[in-house]
């Protein structure tokens, strides 16, 4: 399966990424770009996007980038820094890049930018690469 | 305002925690317990809960525990390990405890357990404590 | 090999833990306590212990706790928050506890306290559990 | 003070970075390159560099890059992944870059490469920017 086919297959059954409104722009082995429009139901009590929204988008982008090589990957440890607030109607651009890919471990970095090209969050994720292929 | 009043105030405007179905069980200065039932729309392509769901619950529990002292807190850096899968209809118990509270920085640990009392994720969050009170 | 024999074996060849002056107080499967006296050559430009000193002590304590089960473990991802300054001559107590132990992944939490029982750092480490035994 | 003067000042009193044998190659506001030769006393029981060595080099590079702007910075939360082993006599190249710089928070990424240009570790650090200048 090609990177795009794998990601389409993953998205098809992924009810939560569908709820988020994830739109996949580009995908290749180890990287992925997607976008998402922030809705009212994604806000927290400060009327900015809940930290879980940018985390979820980053985690989906990590999964797509890591799995696009063809082997099934499971996330082990992830961290995120929220550096600028995200508001309703913001159009987010999510970019996942590969920092390292070994035999059993991969590390990915995901940055999210708003429509003014300002970084809003930075994520790092470590995955375990299984021996099962897509 | 009491810890409970602060958390109720936070929940009232928090559309995403409402979407998650967060139910607050206990709250005090620096700690918080809540529960949540996993629904179909929270699942990813592997038919287990998306990592963003347990992250979001942990991040909400962090915010409630940190803000319950009375000063407004903003999350700076958070990390989570997903250690056991979460399935639809699982009833999650989310427990936030305070590891450290200084003048400007607080550190919290959040564990999530399923209905069999098995740990499913472990989260660490660092907040900046502002000088604005609730 | 017993937990204590494994840790003694690990310490024997560990030149850097010896340089640090690590003194092992207790050890069992999944946990470990050690102490260390801070020396002048461990300080940074602010005349407090370099962040690498408390990290190194935590990383050693993680390795001892994780390997004491009998299978060789390799650290994958670690994080540390430095919450209070450490001064020369401080006597540090390092405590490692097991948060989770699965078949291939283990998670450990390490706290360091000074002689006044004040927490100075909090560390989280994820290890990969290999199939090689000690 | 210029970035170079600040870093020289920091190094002068930094006994542990001197013990590590840190050699500063380049420095500017928000970034820093340094090198270091691995010695026998830096090894752990597996005869590879202790994780604390690459952490310490990364933490020093973070401090130099963050402080070079002119305001004193304190590290809040740091994480590192060790992805390839480091051996005695390896010549390490440590590169720190700025991911984000706000008013009170800065985020830096530090990668370490060996003499074969292979990545050995990846570090992320968050600092608090104080109002005290160098």
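Per-chain numbering from 1; labels A, B, C and D assigned in written order.
The rule we apply is simple: a contact is a pair of C-beta atoms (placed from the backbone, for glycine too) under 8 Å apart; a residue touches a chain by one contact, two chains touch by 3 or more.
Predicted model only: the values in this text are computed from it and were never measured.
Participant: Where centres are the averaged C-alpha coordinates, which chain has the largest centre distance to chain A?
Facilitator: Following the centroid criterion, the farthest chain would be C.
Participant: Looking only at C-beta pairs that count as contacts, which pair of chains has more of them, A-D or A-C?
Facilitator: Answer by contact count: A-D.
Participant: Suppose each chain is reduced to the average of its Cα coordinates; what separation in Å results between chain A and chain D?
Facilitator: Between these chains, centre-to-centre, one finds 28 Å.
Participant: Between chain A and chain C, what is the gap in Å from one C-alpha centre to the other?
Facilitator: Centre separation, chain A to chain C: 33 Å.
Participant: Would you give the residues of chain A that are in contact with at least 2 other chains, written as numbers and ranges?
Facilitator: Only 76-77, 79, 81, 105, 126 qualify.
Participant: Considering the complex alone, what residue numbers of chain A touch chain C?
Facilitator: Of all residues in chain A, those touching chain C are 76-77, 79, 104-105, 126, 128.
Participant: Looking at the complex, which residues from chain A come into contact with chain B?
Facilitator: Residues 9-17, 19, 40-47, 49-53, 55-57, 59-60, 63, 75-82.
Participant: Spell out the residues on chain C that touch chain B in their complex, using ranges where they run on.
Facilitator: 79, 81, 83-84, 99-100, 102, 105, 107, 109, 111, 119, 122, 124, 126
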